[in-house]
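You will see subunit A twice below: alongside subunit B first, and alongside subunit C after that.
Then we have the complex of A and B:
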């Protein structure tokens, strides 16, 4: 029970990171981006490549952080991957979604996002192979903080929780204290009015993709640290991300954060009563429940 | 020669079964603008429903009632419809992409159900032991396949005819009205959520029929047949053929299914053996690219939707004439003249 709670919170915090980016885009561009989860895979795999590059450059970078399986080069690689994934996300928008926005409705973008997701997922499979991998092969030996058989906690997992808390706090400060954060919120509330006030829509859309891509990379690296890297990791997460965004209410960052925790906990606690094989169905049941009971989510406004 | 004929019959049978599902999607996406992200769920519901009702008795599980084929087929279609109602009621009132998310979810949920509920669905092994209709009457394998192809063609024609009548009917115009301008439809006193739900359920039942025929053809259904790629393939077929055009939907099916089978054959013969593992990925990228590039460059497809301004304006003129004659006699002449002027203009322009 305690272990399930801990696992649920851990998975939930990873989902929250992914769902925040998803909900931002869903609110600003008004379409459900099914390729968002592929940004998670992209970020995780870019980190893998960059980590290997940094490790080859200097051996001092390979030293592990105290008690963790995470190396300095991995952290560096992650920081670079954040930017690359963010820029790529904005580029995909420019090449595909922007053009479709100009001549067709939001559902055409949903349609295209399925296609893009399929392409990205299989290109990753071609480039990196279909087998799953790890950042660090001795990850299994990462330090156990608690050896109590009822609750196994790895130091890595606390590291993941730490990252998510810091990032969410940072995002909260950014959205509520800076003028750029205000502008982003204004654009998502009322694009026309915000533009009249001199906010550049194109720049804000790019910023939203950058943030979404960066958060997706963080989620991907954390997920890979906790589980493993595989080309289908994004596909496995996508429904949970949507569940988190819908439960929280589309457009609400705090809602998505809370929604992620709820979906993570529900998935983990559900395993206490249902067989493991049915786990993929849990996010769908949450979505259906949310749509029947509270279609605007916990913090969402009327659409 | 016999080999070629039997292969062609096999290819056409599968392609035309899929064409039925594409027609179902055309009703949802092409005519009503509903995005179905989990076609495979309704296809699967039809397939499993049919086999459970019509299959021979199972020792180790539920189902296998051995019902007559027409009843089993109807049951499969009904199951797909029930699933669609369940998802549709929750989503047709809401943001339009919620339907995409919910249908995507129902496909994942159904796949995990059929994979695990061994008692009901046979789990990963699937369901076998289904006696195909008339199988005992026809002796040769090829003969049966040709007979079955004929049956599939009949089903396809029935669905095609039904949809053609439907989209030309007042209800069909209502569908397009909801797709083009929901607010205007509502202003005319129509209820878009109800119309969307009807179109969604009908389309899903057609997909259920497609799944049931598929399971009949193989006399076997397993979770392997419900791979998510099927949903993508059916989208690609519709967007290539031309959404909003039933002939286009069938043409697109043949083109994309041909490209799929052809690329699979090319990869298996030409690609080096250590690349065979990745052949699937390459084919998936092909399907993804077809979808994205069609949407970008040829969104209306090979056979674009025909927006028959002429028919429409004649009908409208007739209806205005009738209604005005019924009401006031004095203004009749004026209004019909006016409506003729208004409604003939676009016809002349085209």
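Then we have the complex of A and C:
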């Protein structure tokens, strides 16, 4: 039970990172962006390439952080990948979604997002191959934090939890203390009112893509550290991300963070009573339950 | 950006032959012209679907203009983005969803004060002095305010950046008679600080009672213009506004 709780919180925190960008874009641009999950794969693979580049540049960068399988080059690679994926996400919006917003309806954008997602996934498969891989092939051993009830935790997992907590806290401070954070929340809540209060919609949309892309990269790296890199990792996460965004309430950043934890915990705890093969159905069930009990989600505003 | 001149030199709002709508080629308002001088309250009245709110949204830069132009103090503001326009002295209070419900009163005001380009505390404090009920609810989530309090917050958000032009869309809609009276009664005081007020209002009598001039809009076009107090007693107003003339015409056609 304790192990399941820990695993659920870990997976949930990764989902939260991915769901925040998804919920922001979904609410501001009013369309379900199915390609968002592929930003997770994109960011994770960018990190893989940059990690190899940095490691080739200097051998000192291959030094592992104390107790972790994470190297300095991987951390640097992740920081660069955050920016690159964010900029690419904003570029995809400019090249595809912005044009469709001006000329077509939300449904067209949803189908376009499927297309973009397929393209990204297949390009990753083409470039990196279809086999799964790891950032570090060393075997990471788990520490036994408790024997009864059993709780096995890897140092990398604590690192992931630490990163997500710090990022969430930073995002909270950004959203609640800065005028840019207010502006982003305002655009997310009511784009028309935000504009007549002097907020540049285009700039905020670009910022939302940048944040969404960066957080997706972080989610991708954390997911890959906990599991493995695979071209289909985004596809595997997409339903859980939507479930997290819907449970939390579309548009709510705090809702997405909590929604991610709920979905992660539900998936992990469900394994105590259902066979592993049924685990992928859990996000569906959560979406159905959320829509039935609270259609606007935990923090969502009635539309 | 509009330069602040002494009121006497400023021309206020001038709308000339404005045609606009939500879909290009399908205009809601056609060739609409009007003016609102500084310190003047101008009401736009007309039946539902006449294009009153569309006119306000177009002036605020939220809709694309197909033809015609809008000037404020002699400077063209047609086609300027709404966020730029709001920093140039144009403020709007939409009819619905006119506050950020998930934010506190303070956050709403601070957000609106972004248009002040720099200091936000001083103009926000000024609004709190002007609207004491908002000071009492400063930390309260705006979504939990009463209808009247929300409307005052929305007006305070519009006024916080000292606009030259205030666009009000149905300011008394959904309010209790007392709150509606308070909101409309405040307009005179706002106009005294040389703000042009253009107001769309369904409550015709109340709107005309506080306005200097009024325009009647029907089917997206200017139908009538006059001094508010004269229009208030004009039987033509009732005919057009209540649709009596059209009903009669339809009846005649049917016969």
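Miscellaneous remarks
Operating definition for what follows: the second predicted complex is superposed on the first by the 292 of 303 C-alpha atoms of A that agree within 3 Å, B and C clash if a C-alpha of one lies under 4 Å from a C-alpha of the other, contacts with A are read in each partner's own complex, and residues count from 1 in each chain.
Here is the rule we go by: a residue touches a chain if its C-beta (ideal position, glycine included) is under 8 Å from a C-beta of that chain, and two chains touch if they have at least 3 such contacts.
For clarity, every value in this text was computed on a predicted model and none was experimentally measured.
Once chain A of one complex is fitted onto chain A of the other, the partner contacts of A:179 are limited to subunit C, with no touch recorded for subunit B. Looking at the shared chain after the overlay, A:165 reaches neither subunit B nor subunit C. Using the contact criterion defined above for the overlaid structures, shared-chain residue A:99 touches subunit B, although it does not reach subunit C. Of the two partner chains placed by the overlay, only subunit B lies in contact with A:239; subunit C stays clear of it. Once the two complexes are laid over each other on the shared chain, residue contacts for A:53 go to neither subunit B nor subunit C. Contact with subunit B, but none with subunit C, is seen for A:284 once the two complexes are overlaid on the shared chain. In the superposed model, A:115 makes contact with subunit B only, not with subunit C. Partner subunit A is touched in their complex by these residues of subunit C: 60, 62, 81-83, 86-87, 91-92, 94, 97-103, 107, 110-112, 114-115, 120, 143, 157, 161. Of all residues in subunit A, only 26, 31-32, 34, 96, 99-100, 103-108, 110-112, 114-119, 121-123, 125-126, 130, 238-239, 242-243, 246, 250, 275, 277-281, 283-285, 287-288, 291-292, 295, 303 touch subunit B in the complex they form. For subunit B in complex with subunit A, the residues that touch the partner chain are 33, 35, 37, 86-87, 90-91, 93-98, 100-102, 104-106, 108-109, 111-113, 115-116, 232, 235, 239, 277-278, 281-282, 284-285, 287-292, 295-296, 299. Contact residues on subunit A toward subunit C in their complex (touch as defined above): 179, 182-183, 185-186, 189-190, 192-201, 252, 301.
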